[in-house]
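For reference, chains read A, B, C and D in written order, and residue numbers begin at 1 within each chain.
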Amino acid sequence: MVVLQLSHPTGSFNIRSKLTCFHRKFSSKVSSNVPSTSFISSSHQPDYPASLSPPASQSVAAIVFGDASHSRLYPLTKRRSDGAIPIAGNYRLIDGVVSNCINSNITKIYALTQKNSTSLNSHISRAYSGACLANEGFVEMIAAYQSADDKDWFQGTADAVRRCLWVLEEYPVAEFLLLPGHHLYKMDYQKLIEAHRDNNADVTLAVSSSMRCRDPSYVNVRVGKENQVVEFIKCQGKPPIHSKLEESIMVIDDAHDTFPSMGIYVINRVVMIKLLREYFPKSNHFRSDVIPGAIALGLKVQAYKFDGYWEDMRSIESFYHANMESTKMTDMPYNFYDRDFPLYTLPRHLPPSIITDAAIKNSIIGDGCILSNCRIKNSILGMRTRVGDKAIIEDSVVMGSDIYQSVTDDREGTATSIPIGIGEGSHIRKAIVDKNSRIGKNVMIVNKDNVEEGGSEAKGYIITAGIVVILKGAVIEDGTVL
Amino acid sequence: MVVLQLSHPTGSFNIRSKLTCFHRKFSSKVSSNVPSTSFISSSHQPDYPASLSPPASQSVAAIVFGDASHSRLYPLTKRRSDGAIPIAGNYRLIDGVVSNCINSNITKIYALTQKNSTSLNSHISRAYSGACLANEGFVEMIAAYQSADDKDWFQGTADAVRRCLWVLEEYPVAEFLLLPGHHLYKMDYQKLIEAHRDNNADVTLAVSSSMRCRDPSYVNVRVGKENQVVEFIKCQGKPPIHSKLEESIMVIDDAHDTFPSMGIYVINRVVMIKLLREYFPKSNHFRSDVIPGAIALGLKVQAYKFDGYWEDMRSIESFYHANMESTKMTDMPYNFYDRDFPLYTLPRHLPPSIITDAAIKNSIIGDGCILSNCRIKNSILGMRTRVGDKAIIEDSVVMGSDIYQSVTDDREGTATSIPIGIGEGSHIRKAIVDKNSRIGKNVMIVNKDNVEEGGSEAKGYIITAGIVVILKGAVIEDGTVL
Amino acid sequence: MVVLQLSHPTGSFNIRSKLTCFHRKFSSKVSSNVPSTSFISSSHQPDYPASLSPPASQSVAAIVFGDASHSRLYPLTKRRSDGAIPIAGNYRLIDGVVSNCINSNITKIYALTQKNSTSLNSHISRAYSGACLANEGFVEMIAAYQSADDKDWFQGTADAVRRCLWVLEEYPVAEFLLLPGHHLYKMDYQKLIEAHRDNNADVTLAVSSSMRCRDPSYVNVRVGKENQVVEFIKCQGKPPIHSKLEESIMVIDDAHDTFPSMGIYVINRVVMIKLLREYFPKSNHFRSDVIPGAIALGLKVQAYKFDGYWEDMRSIESFYHANMESTKMTDMPYNFYDRDFPLYTLPRHLPPSIITDAAIKNSIIGDGCILSNCRIKNSILGMRTRVGDKAIIEDSVVMGSDIYQSVTDDREGTATSIPIGIGEGSHIRKAIVDKNSRIGKNVMIVNKDNVEEGGSEAKGYIITAGIVVILKGAVIEDGTVL
Amino acid sequence: MVVLQLSHPTGSFNIRSKLTCFHRKFSSKVSSNVPSTSFISSSHQPDYPASLSPPASQSVAAIVFGDASHSRLYPLTKRRSDGAIPIAGNYRLIDGVVSNCINSNITKIYALTQKNSTSLNSHISRAYSGACLANEGFVEMIAAYQSADDKDWFQGTADAVRRCLWVLEEYPVAEFLLLPGHHLYKMDYQKLIEAHRDNNADVTLAVSSSMRCRDPSYVNVRVGKENQVVEFIKCQGKPPIHSKLEESIMVIDDAHDTFPSMGIYVINRVVMIKLLREYFPKSNHFRSDVIPGAIALGLKVQAYKFDGYWEDMRSIESFYHANMESTKMTDMPYNFYDRDFPLYTLPRHLPPSIITDAAIKNSIIGDGCILSNCRIKNSILGMRTRVGDKAIIEDSVVMGSDIYQSVTDDREGTATSIPIGIGEGSHIRKAIVDKNSRIGKNVMIVNKDNVEEGGSEAKGYIITAGIVVILKGAVIEDGTVL
């Protein structure tokens, strides 16, 4: 609909023709011979982002779910919402989705949560304030709350939105955009919304055309001609999801017209209100109840195919996988260095990283790390990570620390003398080391017994899918071998 | 009052007609017979502001001139840039133009100044930070400075822009928008830029179609068919402006094709650089040299007719006039209460106004005023104005105070015992009372001798065009009659 | 402990003696002949605020309770926490206590809530950001949340603090300061903490020496010599509060050594942790369980007598009373205009108030009101209040509006044609008109039948203690008489 | 004066003695056996910073000079004020002094400049906003400006302060603190001011007791008993500085009572006003005119001895030296990782650094670098530095880039195809590479001819004291050998 075009004056006298070539240069693309280090390129982007009419900043509100309803990210979520988990050195899970919104010119953003909301609220209330305030923009946290009418917690995504409708209705937007907060991908939502508007759809849901049925727990949808959604199905022989509309959902083989739903919905404002208040006032979930119900009612429910990288970090494995992917400089599936589509997060003023003598391969080093004589490979070191002499870190995610702590700093009143960070001579492999943990000297975290599931909170670590997860603030004594 | 309008394209080929109906659907107010699949009507939705492609936030940078080159606003500018003069109770002159930018989705804003830049910098660096930061937005002050190459002050608008080009070039915008900072009007610059782009113009300048030649000192332009600018002229028999291009400027009668130039220019980025660096490297002013020169060179210079309210506050009279206009609730020429086009300024957290017993007519009361038993008529009271018992204020602009000062508060170490504000029993008529001034008890500021020009800085007041201006911080002793 | 002192050089030659008198003037106070309008004075303040060692900003964290446990403020709390109720035109209830903290150099502030936390979070996350960030300062909301360990809501003040201890322990402060969020008073908490430290106390609680037993529901404490707290009692013949420590609480007459507890506690960090985790791990409330328990255990619990104005807004009546007090310019019990002890709140950039023809007595006018030909007496008009022609408002609190709405603006999609504000010819007396309500034309809200308790939510109003409360967003049709 | 003390309850029954040990632990210091990596320690700091009475935040205003009057930092200052030069990867020169102020509880900070003020203003207006706003705090830039009275630029430090006195007088502070902006050191100014107040001094100037006469161009002072300043002298046989007070300045040998003046002055407010307006109304410089003049007048001018690390970055060499020092993890002279005395700067939300295969020794890596297969030794890489395959960087300061630029990104319209950063196979040794420069492939920047002074702006580099300085934005073609 919107043609991206800069004026190309084609005047006939001298100065104009000179200017013309400038203009052309300005608006054209060089696309040949891109060397291998060109991942910073934004070559898949237009010169300027898509522009929606009416603008997304005025006509769309995003609702981000801070908790995944079936998350298997424990123990990373012991004290945090899913959305507050640190990722890729400098970020939190929710930054990806919120940045998508900001980069798509959507600046009315509500984050709904009830599990460990403190962590997420602390992040959100400080992270994007600078980026979103234009034209009444905001990222606002709505924690589950008690009111005179309702003393319960949120019972699901649909219930949460229903109970917050009185807030969400505040601005006269045309559409709501529902977004799970624990996904990693880059999408210009303006294109999704444009498709929704062009189709005169009531509901449009995004499906992944590139990630078909990788995980059997995905909910799939069958898409008919002209992209209407025919039904919700389950992958390869799995039983149908439980819902009031069970009859319309069948178990089928994976077919060319079947795609995993990304859990992303554009819903017209009035449709949303009708669905939640009138048609399905008792339904608690969008995926299992409300959206299938809308199809059954005959509403126009469309699919929008998205073929980019998409990672649903619903488990320790997928979280670990997404982190490992981010260490690849070539074929980077998710470009953190894209100037046109930046990732927003909490502003920091940390010191630079200081390194005594380190060999570092295929790794990401967050802000303000302190590395002695050490070796880092295929790993991510989060902010303020301290690594001692002769330590080795491989294939691991180290989340770093909230503070700089001196070895002799006893202000925290901890009983241990082991400082925050990775001690001298320790070796860490295929592990996730949560924040503020204290790994002593000559510790081996290598899953020596090749355990798939093990450990315990009491011991300070849990092994899941063969990945050792050191708990936040855990103390691992000198010489321990895991 | 404010007409919200989206363009309804009526093109003839297929994609456009589809868009047309979408637009119509979206912007119309249909509320009956909504079919079941589209009970979604957005019928209660308003239109949304114009949207430019590429978006103004990415493709346009505004350059606001904080000083008027021929300003006759002294003594209000004794310690301030023109742009920092308080207006309409809560604002500063420059807020109007900067808010136009923000409301037009232009968020790269440079303010150039050299006269008393401190006041303007202090305002700008704190005023819009929340409103402009999205997508790398900013309002940044560039004060005249010395560099290794150039030890001089700015010699005019063109010289200022030329010397700052290295900063202005930082972002790859398509056009620069040049704006005098001391005007009061509401314009969606996106429409101006859209016209500029539609015309493939090199330069587009805004002209006022509603304010023809009110002030003989205006510079007028003659506009040809298809809105190209033919020449710069002077109003009704006045001598032509002095310029290198004098020969192309004639003295003519006011004609239907002649309009006052508003001093607002859209200039293509590359054209600007060529004009300032190659074609007119020694020219100091846009109005007298560069723009007429561009016409002479044969560039495409277009006029954009603006028919809204426009006040050029270049003199004490016009400043006084604009303030008086703002007190009219009906036929308000400039709507300060427009939800869709708000005026941004310094955020405040002042207490509310407290009023003991006041009769107030056709007046504006700024935040945090303290009014005793008094009468206010056709006047503006700025922030924190204190008015004593039995005081009368008519047809006046009182700018208020920077602080709350107790009657006994001697922290400022002033020699006077007269507190900031308007003392008991005083009477003020047709005056401008600048900030922090101390009007004693039973003072009469009524221009008793009907002087047109008079007063002196030493006495703390100046009379110009019959308007008494009390200087900032001036002390007027008890019982004085002016 | 801290002596406020400026150096008074007493050198012997000419320039020094001149300087000396400047110094003296600077640091002394003139206090004679203060006229009646001098309420802006800060004469009861020191030249500079008290300074604590170690500084409060580093050594104290404040915990503000956003909900009053026994609040009778419904229906004002239908959609809001107590702390988010608008007061005095420009503020929210919680602003008073948070501003006390900021003005006392306490910048680590947690606000705990679970009832309608959205409103409070929205306010807090934007209100004080500028004022508190120095030296790692913050005002952070902690909404009740579910965690892996605990799926319940907060069960009381002590339970809430216990569940949040892991957050509160983050900074190595020396003391916690517990504060109810719905009180109005000005206290330099540094003096309270200084007394606490000077006494080597474990717990210090503030008592009101000026507001003895006004409300029989206050919890009183008996204070022994040297200000130790002997026991918790109830006022004049009321039954004792229910607690595990009942045996130590007696019913006594009001005696000179008995004072109402303000619910404000300073508790040493380590003592707090011990009390909540070890000694009373099941106790839910500080007032009834934990603090009496601490006395019984023999801890040093001291009283700090506060003799200033203190309003506990626990009911509609006390809320109404506090608002009415704020309209008094003379003998103002709570000075909103105190330069040295400002009240912080959400920053705004509203237009000034515009007034066509109004007679205003003993009233407070919030920012950006639009008043036609009307009469306002002993009332408070909140931000953006619109009052129509010939309307009369007396002895009332009108909370104003969140938006400017044109009479023809149908964006909100409301079914009514009555705009937000007070309609023409309406008369309002002794009422609280909540935000965004729409009072039609010629409405009489005067409690014509002198009802003490009445009305209903369905009708849009409730009468309590003879005060009519119009609900937020309620529509009162033209001609209605209440 | 201020006793840092936490309460140590010494009760006699059970619970209290348990608590006591907690308290003791909390407030005591363990200081033995600090291992070599403990530089993060704040062991030289008290538990809490010093606290001044009245507090520095209320009673002191800092005036920071953004330009060094005799700076030899060109070409780093070609487009920047001295204070805006990048240092130590993440910072700007002025951050050190401003952070000293913030950490010393001084929050009224004026930065005066006239040379290339744009760069400094842009930094200051965004850098510390979060950190300084409490209690009316600010960092405000005052650029040289024209006013009705004065059309000149600032003529020196004293002239600049004199012309800005009307602004500086706004807050009723007791003392002004004058600070050169291009120094690197950590000083708690509260101790300096405390000494000033304890001595009843008119002026106190800081002298370095650890850096005696390293640079013969330092201005030294002779300090008498009781620390009064006797006279200004020059180091070892150098001629006296030129001043009106020449007669009082003698050439002497370095003696035990002679110390370099740091250019840091505390001056009583009234003394400052008298000195600049009455006694020396024509003097332009503090060091050569006003302070020696004050001594001659008989004012009490005291010295405050500072024995910490102090680097006056007045030349390319000293700037280079300070950067090199910051790469040392042991014996770090200036601790960037001090939790209690953090360095504030512009908040960022950059991606983490990504490293393909690097060997890094004794180096500092700023935020968001992109390093391929390369070797970094004794160097500093600023933000967003990109280093290509097989590049080697030694003993160098690389300032990084303002943007991420794709190899194919032609948006900047530059004529070159060399991207920003260090190209493949290039070797850089003992160089300063300014921002946004484009070093091609296989470039050698090694000062092959061992030149002391050389190069030229036209060639894109300058050699001074044997250090090669690549200009900001310079393009060094593939294969160049310098």
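Please note the rule applied: contacts are C-beta pairs under 8 Å (C-beta built on N, C-alpha and C of every residue); 3 or more make two chains touch, one makes a residue touch a chain.
These numbers come from a predicted model, not from an experiment.
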Using mean Cα positions as chain centres, tell me which chain lies farthest from chain A. B
Determine how many degrees of rotation, between 0 and 180 and to the nearest 5, align the Cα atoms of chain A with the equivalent atoms in chain C. 180
Distance-wise, how many Å sit between the C-alpha centres of chain B and chain D, to the nearest whole number? 39
How many angstrom lie between the centres of chain C and chain D, each centre taken as the mean Cα position? 43
Where chain C touches two or more other chains, by residue: 22, 26, 129, 172, 411-413
Which bits of chain A are touching chain D when the two form their complex? 22, 25-26, 29-31, 34-35, 37-38, 40-43, 88-90, 327, 329, 336-339, 342-368, 370, 372, 380, 388-389, 403-411, 413
What part of chain C is in contact with chain A in the complex they form? 74, 77-79, 113-118, 121-122, 124-126, 129, 138, 140-148, 151, 153, 164, 166-167, 170, 172, 402, 411-413
